[in-house]
Structure formats: C-alpha cells, structure tokens
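Got a structure for you, questions after.
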Amino acid sequence: MGIITTSKSGRPVLWTSLVAVLLTGAIVAMYLAPTEQTMGDVQRVMYVHIAVAWLALLGFVAMAACGLAYLLSRNLWWDQWSMATCEIGWLCSTLTLVTGSLWAHAAWGTWWTWDPRLVSSFILWAFYSGNLILRSGLDDGPQRARLSAVLVIIGVADVPLVVMATRWFRGIHPVSPAMEPSMRYVLLASMVGLTAIMTLLLVRRRTQLQHESLVMQLQMQADEN
Amino acid sequence: MTNQKSAIQAQRLSKRIGDRRVLREIDLEIAEGECVALTGSNGTGKTTLLRCLSAIARPTSGKVYWFGRPAAADPAQRRLIGMVSHESRLYAHLTLRENLVFAARLFSVADPGERAEQLLKQIGLVSLADRQVGQISRGMGQRLALARALIHDPPILLLDEPFSGLDRSSRDWLARLLHERREQGRTLCFSTHDEQQTGQIADRTLTLSGGFLTGHPVVADQSMEENRHRHAA
Amino acid sequence: MGTFMMAYLAVWLAVVFYVGRLGVRQHRLQRTLHTLQERIQRDADQRESLAKSA
Amino acid sequence: MASKLWWLIHKDLVIEYRVRQAWPAMLLLGIIVAVVFNLQMDLLPEQRPAAAGALLWLAILFAGLVAIERTGAAEQQDGCWDGLVLFPLPSSLIYVAKLAVNFIALLALECVLVPLFVVLADIPLLRHAWAMLLVAVLGSLGMAAVGTLVSAMTHGLRQRGAILSLLVLPLLLPVVLAGAEASRLVAVGDVGTQWWRWVQFLGAFAIVFTTLGIVLFGFLVEE
C-alpha cells in the first residue's frame, strides 16, 4: 500500500528545480544574449519558441515509439508513457503556436498566416488534440491503448508528408536564421532547460498514471470481495 | 504438453471487460467427440467464454488450443470452428441462398451453390431461398444461422443459447441435429439455462459462476476414453 | 522586450498549470486510496468478527 | 485469395445497391458542396483553376467522409462482424476489401464532381482527361486507405462522426494539397515535371498508408 506515500518527498526538488531553471533561462535570454540587429528584442522569443517546438516534435516521435512498443509488448506500462507524453506534447505544441503567434505579430505584423511551417505545427497540434479526444472517448485499458497506439503511428507517418506537401507550396518562415555563437549557446541552454523541465513533468505524470491504475485495480478487487 | 485427444483446451483463461473480471483463470478441456453443456445464470460470462473459445475475443491472459494447436495462430485454423451465437450473423439484405453461398465461398467450400442447396433442404427452407433474410421470421433465421455455422462442416461446433426462443418442434429438431452430429464424432459445446435439455444431450455439464467453472472442467485421460467408448457404443 | 515577456509568461503559466493539475490529481488519488483502505479494513474486521461469532 | 477478396467487395456492393445506405447521401452532399463553393467564386479567369482545384478536393473530402463513416455499415447489425472475423481470412484481407469499397465510392463521387466543376467553375479539368484520371485514382486511394483505418479505429465510439472527421481531416491534408495543386496544373494544361512530382507524391501517400493499414488493421479489430 505504500505506493503513493513516496510522492511527497519528490515535491520540493521538483519545485526548486522548476523555478531555478525557468528563472535562469529568463535572465540569460533577457540580459546575456546579444540583441539581434534586424529584429531587435523580439528575436528573443526564439529561445522559448524553438525549444517548445522541438519538444512538441520530439514528444510526437516518442509517443509513436511508445505506441509501437505497446503493440509489440502489450504492456500497459508503455501506454502510460504514451499518455503522459501526449499531455506534455500537447502543452508544448500549444505553446509553440502561442509563442510563434506572438513573434509573428511583432515581426510580420500578423498573428497567423498559412505558411508551411505554421500549417505543419498546426497539424501536429491537431493530432495531439485528436489523440486526447479519442482517448477521452474510450475506457481505460487495453482497447484504449491499442487504438491510440495505431493512431499515433499513422500520425507520425503523416507528419513528414504534411511538411513536404506544405513546403512545396513555398513559404516565408525563416528556415535556419544565421546566429552568433553566443546566441546559439543561449538557445541550446534554453532547449536543455525546458527539455529537463518537461521530462520531469513527464516522469511525474507517468508515475501518477501508474498509481491511478493500481488504485483502480485495488478498487476492483475490493468490489469483488 | 497439450493433450492430443482434446478438441478444445483452455489454460488459465482470463478475460476482463472494462472493470469486470468476467473469466478468472479458467482451465477447460473438451475431448474430441464430446458434447458439453455450459450452464450458469444470465450475465455470468457464458457468452464471453464461448467467444474466447472460438477466438473471436482475445483473452486477457491464458491460451486456447484447438486440437492441440494455439487457436489464434493461423487464420486458416478457423475452419475447425463453427459457431452459432444469439445474433444471427446473417446479412439482412441478402437472400437466404446468397448468405449461405457467401459463407461457403469464404470458407473455400468445394461447390458453394450445391452445399447451400443441400443445407437449405436440411433446414427445410428451400421454398424461401430467394427471400431476403430481413423478411423471414426469427425462428427461421435461427435455423439459417445454424446452417451458416455448419457450412464448412466444422469438427467443433459452439452454440450460444441455441434453444432459447425456439418453439417445441424446433427444439426437438435442433436436439436431433445435435445428436446426429455427435454420432458423427463431432465435438459440441453449447450454453443454456435450461437444465432439462442438458441432461438429454450433454455428456458433461459445466457451471459458470463468479468467473469460475465448476463441474469437471478438466477430464483425466481415463474418463475421456470412457466417453469415447460410450459414443462408440 | 514585451513580446518576449509575454512568450515567457505563457510557458511559465503552462508549466504552473500542469504542475497544479498534477497536484490536484495526486490529492484526489490519495483520498480515493484512503477511503479504499478504510473500506478494506472494515471488510476484514467484519469477516473476523463473523468468524469469531461462528 | 483474390476470389475471396472479390466476394467480400461484391457482397458490400450488392448490399449498398439494395439498401443505398451511403452513396446517395454522399453524392448529394458532394453536389451541394460543389454548388455552394462555386457560388462564392467570383474570380478572374486566371485565378480560377487554383481556387477550383482546392475546392474540388475539399468537396471530395467532405462528401467522401459520408462513405468513410459508413465503412462496414453492413457488418454493424446482427453480429455480422463476428461472422466476418470467424472466416479463415487474414484481417489484412478484410482491410483491403473495405478499402476497395471506399475507393470505388470515392471514384464514383469524382465521376460526378469533376464534370460538375468543369461546368460550374468553367475550368477545363477534362482537357487532359488521362492526367486528371491519374490524379483522381491516386488521391482516392490515399483517402480510402486512411479513411478505412480511422473508421475502424472510431468504431463504436460515442460521437463517432465528430471524432472521425477530427482525426481524418488533418491526416488527409497532404492529399488535399497535392490533389488541388495537381488538378490546377491539369486545368492550365501544364502536365509536365511539376505535375508529375505531385502525382508521385499522391502515389507515395497511397502506398505508405495502404501498407500501414495492412499491417495495423489487425490491431484495430481484435476484441
């Protein structure tokens, strides 16, 4: 029964590291990184934007890998990872759209345009949302794990095709802007920091999902006795 | 490991549907040529057990064997099984004959048209052969569903509540038909809640309650031999 | 700088929101577990007293 | 195996012919969408092919969803699906049969919509009929491959229609884009290397998702 009592001890570590990483990131990005010449301070948005965009993409691939692992092993452990990744990935994907939109408003003077890169990140967000909605329509258990696994595998096969199709339609999104070395370091640090935070949340959520399913099993046993 | 003489064998079969553990580690063995009745009150999982035994449903854990081979391994194995459920599994908008011919074709029966005709005669519905299934009565539909399950002459026949909803003459007809198949050495397993029927037809009665089987689910070799002799006599 | 602050705030809020949600679920889980434990204990006591009286 | 595949498809077509559960609704919706879209088009002649190409494929997608949603409608009554699963067939064969039925339905839809667009939008889609046919065939194949798979995935869900379109629309975006662009090139008479690239793209899409469907369909239908 001691499964959940361990959870309290992890909390201060979680909070401290979260606050520390986020604050350091903000200070570094605001004061240490050089100001970009043409864009000015607006360019600083990139440090978060690229980091969450990278996480959204990474999460999608990781989710598909978990789905595949589930179908091969039929171990619900993988489905818990898949579910946790989906939630965090959805969060990062939403943040990608929000931060990107803020940047676009400052740089291009519009909140949204149908540029290829934007279309593909929107589609990514739609997949995450679709998977969450599909899951919410199904009961906990093997069936949900199976269907969601198939969906994310199809999704991950589709994303490159979306990117290709939209890119052939030509676009205005900066592909890889030239950066000073110091900017690169700040970006790298920001990516590592945010990845660490999200991984922490992911692991916590996965553990929680496991506890939830354990409690459900206990409840089932109690009902039967 | 698995007994060569057993037509169906289930090892530690469990099935969970949603939050319910419908079947709990069931061990079951049915010998070739045996006729087994499955009883239990409504909602105890007789249908689920039959669905697992026919490999329509995938067990949560445990294995099912048909004639010693894992049931789900190869789709071609499904020829060993015929099943009648309480749903007819017939296409309402195809005619009686079309339904049988379709099933015969997908089971690779040698002459589908001929086989369909033969079965229609056996169930006494030749005159309605070109009527759509949606337009015939439920009782007739049940007969046709049985014919559809027998289309490939399966060595194992599973029936889910075959007697429910039948009138007296149909019951007798069905009992005769089951008896006939047992005479031919086919394996039968049917679920029912009618105790009277079981005594007349079945060699063995198993009762399902609370997810467990009672009766004599696993037969020792000797008694299986006895059963076979009894059939032969 | 304003745009950057807004973007950063968005990330910050999202993380806070998610951690909050984790906390709420954890709390609910603890409560469910607690009532469950009580129930199991009660059932066990009942069985014991039944066995004694028999 | 091929003859069994044919009998599976044949059965669905016969039932559709007798009951008319999907096709009339699909075709009617297609026509209405086509007319409504074209009401809004008040463009210069040189802009028309681009707009009409995109609208044509959107119309196909929306109307096609009707057929996709009713995939296997014949099996949904009287436990016919269990009967199908009990046949000694690999589940991939059932997938291919259902895919073929949807593919045929989409082709029928295009046979109505393409001439309708020629008339309503006044663009010469049929000047290079073979080129248009190739685009239509490959595009429908990709749509049917994805649609059949997602339809099986959402089978039995509450609010199935909404979830189905929610999942299918983003997945089929590449087909709509490629179909629209290829149709535009056909309409302006430029069936050269650029057109061929889009056709190849549609072909690749169809191959990828048909293969995925054949591999993954078994996971969707087990109970």
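Chains: A, B, C and D, in written order; residue numbering restarts at 1 for each.
We take it that contacts are C-beta pairs under 8 Å (C-beta built on N, C-alpha and C of every residue); 3 or more make two chains touch, one makes a residue touch a chain.
Keep in mind it's a predicted model, so treat the numbers as computed, not measured.
When chain centres are taken as C-alpha averages, the shortest distance to the whole-protein C-alpha average belongs to D. Ranking every chain by how far its Cα centroid lies from the centroid of chain A, the top place goes to B.
Separating the CA-averaged centres of chain B and chain D is a span of 39 Å. Between chain C and chain D, the centres computed from C-alpha atoms are 46 Å apart.
We define each chain's centre as the mean of its Cα atoms; on that basis chain A and chain D are separated by 32 Å.
Chain contacts: chain D has residues 222 touching two or more partner chains. For chain C in complex with chain A, the residues that touch the partner chain are 1, 3-4, 6-8, 10-12, 14-15, 18-19, 22, 25-26, 29-30, 32-33, 36-37, 39-40, 43. Residues 139, 141-142, 216, 220, 223-224 of chain A are the ones touching chain B in the complex. Of all the residues in chain B, the ones that touch chain D in their complex are 51, 54, 56-58, 75-79, 81, 83, 85, 87-94, 98, 102-103, 105-108, 132, 148.
Contacts from chain D toward chain B in the complex involve residues 3-4, 7-8, 11, 14-15, 18-19, 74, 77-80, 82-83, 85-91, 222-223. Within the complex, the chain A residues that touch chain D are 71, 119, 123, 126-127, 129-130, 133-134, 137-138, 146-147, 149-151, 153-155, 157-158, 161-162, 164-166, 168-169.
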